[in-house]
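Each of the next two complexes has chain A plus one more chain, namely chain B in the first and chain C in the second.
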Partner chain A sequence: MAAKTLTVDGRQISAENHTTILQAATDAGIKIPTLCHLDGVYDVGACRLCLVEVKGTTKLLSACTTRVYEGMEVTTNSERLQKYRRMTLELLFAERNHTCAVCVANGHCELQALACELGMDHVRYDYCSPKWGVDATHPFLGMDHNRCILCTRCVRTCWHIEGAGTKNVAGRGTKSYIINDLNEPWGESETCTSCAKCVLSCPTGALFHKGATVGEMERDRSKLAFIVNAREKKQWVV
Partner chain B sequence: MGRLKLATVWFGGCAGCHMSFLDLDEFLIEVAGQIDLVYSPIVDCKEYPEGVDVALLEGAICNEDNLELLHKIRARTKVLVSFGDCAVTGNVPAIRNQLGPDNTTNVLQCAYIDNAQENRRLPTHDGIVPALLARVVPVHEVVPVEHYLPGCPPPADRIKAVLTQILAGKPPHLEGAQLKFG
Partner chain C sequence: MSKRIVIDPVTRIEGHAKISVYIDDAGNVSGAEFHVVEFRGFEKFCEGRSYTEMPGITPRICGICPVSHLLASAKAGDAIMAVSIPPAADKLRRLMNLGQIVQSHALSFFHLSAPDFLLGWDSPPATRNVFGLIQSNTDLARAGIRLRQFGQEIIEVLGGKKIHPSWAVPGGVRSALAPEGREKIRAWLPEAYATTRVAIDLFKKVLTTHERETQLYGNFPTLFMGLIAADGGWEHHGGKLRFTDSSGSIIADHIDPKDYRTVIGESVQDSSYLKSPFYKPLGCPDGIYRVGPLARLNICSHMGVPQADAELKLFKALGHGAVTSSFLYHYARLIEILASLEFIERTLADPELGSDDLRADAGINSLHGVGASEAPRGTLFHDYTVDRNGLLKKVNLIVATGQNNLAMNRTVAQIAQHFLKGDAITEPMLNRIEHGIRCYDPCLSCSTHAAGKMALHVRLVAPDGHVINEVRRD
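== the complex of A and B ==
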């Protein structure tokens, strides 16, 4: 397989052809923040936190959906990028109701952890405080739209790991939200297999096991990568 | 410099941040030697004084009393610290904002009429019971704030880190896990 040589933050690294910047950087031990990437499912560039600078273009490109090329020069952590990442993160917090103190995922949340990592000590934008409900119709799973960041990990997991195609996105812009089937209550979905892989994929407290209370919603996301690896490469690596 | 004039204030919050403040244990004795606690829920002082150096503000801004006091505090204080998640984000008190522009009527109706066992009436008394604001807001949406101390409540060691830096005359800086909300 052809390898490409590129520079990331001044470091020369090599990556296989068709690799994304995010994958190449991760393999080389360079961390780029992301909330929508999930090992095992394809990338869509939804969260915009992995934006990087690539020499030759003034646009910021999402590292998870941009493929490497020979001689590419990537910057992952300039002052400009830090500024935009912080802004994006604050907008995510302002858009829905992320009340960490009473969230099932408190202490196990990728959004919360990233806020710590990027030094977000407050949100400069006015909170939208929208009214979203909780779908608690499923016998043992729940969906809280208040905590959703629309990363669509659950949708991709549902369609491409489980193959059920229950989860979808409805609406436009800030009114977008995750639905089951053709916007039916989750408990009435005929396609949902109740596998709970969507819950495993969720970076926040938006998808949870019923009965989990504040801070109890822990998950082992590596199980998803394990399934995909087993299926595609026939490797049962625990 | 003389002793630092410190104030701690309790707006719309559960007092958990102040409980955490008391959880500083023996550090409080150390601090007591370096500050004058000029205003606080644990100090018998009715009027917020002039010339305060640092104020720790717990709670979100929920009613007209909070709003009025906050403006007074800003005018009389050099450094404001948003103390805890309610002050920094609105947190739990701000959940009523989700009920829309009529939320003040809705929450009072729910608490004092619909779910009341007896004496079903709204608490109203001009000049005594402050009216709720249409929207609960974090402190920095009303006045400029110098520093933020998140956490629900902020653990004692996080409060200690901030106070130690302030007492050393440095702008407090928190990072990583010390910035965790919730």
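== the complex of A and C ==
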């Protein structure tokens, strides 16, 4: 496989052909913020947190879905990128009801951690405060739409790691939401295997183990990558 | 003259008190109303959430007594799961509640109330606060602040943080008391005892020079309610409900807190967001009752610990049957601090506090659960109705400040009757009304007094509803 040489933040690195900027940068030890990316499932570029600047285009490109090419010059951190990333985070916070202080994922939430890391010290937009419900029909798993950022990690995990295809997205725009099967209550889903991999994949407190109280949802997401690695590469690396 | 309605957006802040004093045709005070003009909406916006989240959400009602909501909420959760929590969890919850009583009562006495009777009712509001106390009575103020810190330290060693710990959960608690935490509390106890003794002696001296206040600050017959132990002793986190009257006679006893609706009705005033609970068999307003330290000491026969029991005897001698003056809430508070310290000392010797059997697990076994606990200010009820999945369909919270609402109204009226001269709302009257309310240590005084004075809006209202005079002190 041919290798490509590119420059990321002034550093020359090489990456395998068809690698994404995110993968190449990560391999080289350069951190790009992400939310919808999850090791083990394919990328969709939904969250726009991994936007980078690429010389030759004025557009900002998502690092998780843009492939490297020879001579590519990438900037992963600039004032402009910081501004847009903060803005993206603010919009995510304003869209639903992210009440960190009482959330099951408090202290273990990727959205919260990114907000701290990227210096989001306030939200300049009006909070939408929508009325989303909680699906607590499953015997031991729950889904709180108020905390969902529509990253679709759970959908991709359900379809491509577990292979059940229970989780889907319904609706359009801000009215989009995660459903089970054809919008059944989770507890009545005929396809759900109750494997809880979706819960493992969730970056926020949207998917949780019932009974969890404030800050109790800690997850080891590397288990998902472990399963994929074992299945596809026949490598059981822990 | 048409009725005048005063709407002031400035008053719509947490803790702002608005008071209407009603004057009859002869120009005498006929009554008073204490309005709480803030709207919180917890009962409504919790609907649809899971009962397991409530111990995380409801403590946010208050930064002074979050532990009370935490514990009552966890208890309501226990009832929904229909479990008996592990004995160690119950002991640990009790220990945290004792810490909460110490810290909240210390705040009420040293930071909020002592400046009034130590610096003088008519001393300038700008210095009649804890900062003024630090200047004039440095050692006392420091000791009081340290006593509050002691109570908060107990909350922190158990729950991980002083305010809003996410520690008690439906079914039990999340962690035990670590040995180093136990030692920390034990080492601090002698200092806490010493401060409490100083405060009790000090207040007894205050009583000898404040007979008028004892007579006028909310001195009237009412019922008293609180939780009581099976043997009639002082209780703060278990037991059953008891009502006594002002002669000290028991009028209702051994009522399971889950049946509180059989004895407590709730009336709603158009003018206030604070509900006015009353003793149902007598109706409103005859069913007026008081809760909190004064009530707890009135309804119990003994504290169950020697030092506090000795003080209880002296306290009970101040009344005939029951102690009816709200000014003596302060004394009751100090006795409760002393009792809490003794119970904390006793609890620390229990090896079970380090147990790892702390949390019972169960699904939804009851669609209705009530949790009751004695908050520093009085009995707190959390009443949840859930669906089959544990999502809340209805939430009813009865808080201490609400239960004292009718008594606070009457206290304000009593003080106004004695200090109102004509139509003038004078500074001495404002100061005394302010303290009359502070006797009950309502939540809003906590949130406003730290700035030095209580934000007050007092109106004199004529029989036809028009406002004769009003004074605003922000």
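Keep in mind that, in the parts below, the second predicted complex is superposed on the first by the 238 of 238 C-alpha atoms of A that agree within 3 Å, B and C clash if a C-alpha of one lies under 4 Å from a C-alpha of the other, contacts with A are read in each partner's own complex, and residues count from 1 in each chain.
Criterion: a residue touches a chain if its C-beta (ideal position, glycine included) is under 8 Å from a C-beta of that chain, and two chains touch if they have at least 3 such contacts.
Here the structure is a predicted model, which is why all the values come from computation and not from measurement.
**Q** Following the overlay on chain A, give me a clash-or-fit verdict for chain B and chain C.
**A** Clash.
**Q** For A:61, select first, second, both or neither according to whether it touches chain B, chain C, the two together, or no partner.
**A** neither
**Q** Check whether chain B or chain C contacts more residues of chain A in the superposed model.
**A** Larger number of chain A residues touched: B.
**Q** Which holds for A:126: it touches chain B only (first), chain C only (second), both, or neither?
**A** first
**Q** State whether A:101 touches chain B only (first), chain C only (second), both chains, or neither.
**A** Both partners, chain B and chain C.
**Q** Of the two partner chains, chain B (first) and chain C (second), which one does A:228 touch, if any: first, second, both, or neither?
**A** neither
**Q** Look at A:196 in the shared chain and tell me whether it touches chain B only, chain C only, both, or neither; answer first, second, both or neither.
**A** Once the two structures are laid over each other on A, A:196 reaches no partner at all.
**Q** Report for A:28: first if it touches chain B alone, second if chain C alone, otherwise both or neither.
**A** So A:28 meets neither chain B nor chain C here.
**Q** Could you tell me if A:142 is touching chain B, chain C, both of them or neither one (first, second, both, neither)?
**A** In the superposed model, A:142 contacts chain C only, not chain B.
**Q** Kindly point out the stretch of chain B, out of 58-66, 76-84, 148-156 or 166-174, that overlaps with chain C after superposition on chain A.
**A** 58-66
**Q** Once the two structures are fitted together, what part of chain A is touched by chain B and by chain C alike?
**A** Looking at chain A, the two contact sets intersect at 101-102, 106, 215.
**Q** Spell out the part of chain B that touches chain A in their complex, as residue ranges.
**A** Its residues touching chain A are 82, 85, 88-92, 94-95, 97-100, 135, 138, 140-141, 145, 148, 150, 152, 174-182.
**Q** How about chain A: which of its residues touch chain B in the complex?
**A** Residues 93, 97, 99-103, 106-107, 112, 115-117, 119-124, 126-127, 129-132, 146, 215 of chain A touch chain B in their complex.
**Q** Sort out for me which residues of chain A touch chain C in the complex.
**A** It is residues 101-102, 104, 106, 133-134, 136-137, 139, 142, 187, 210-216 of chain A that touch chain C.
**Q** Using the touch rule from the top, collect the residues of chain C that touch chain A in their complex.
**A** Listed in rising order, the residues are 48-50, 52-53, 55-57, 60, 164, 166, 169-170, 174, 361, 363, 389-391.
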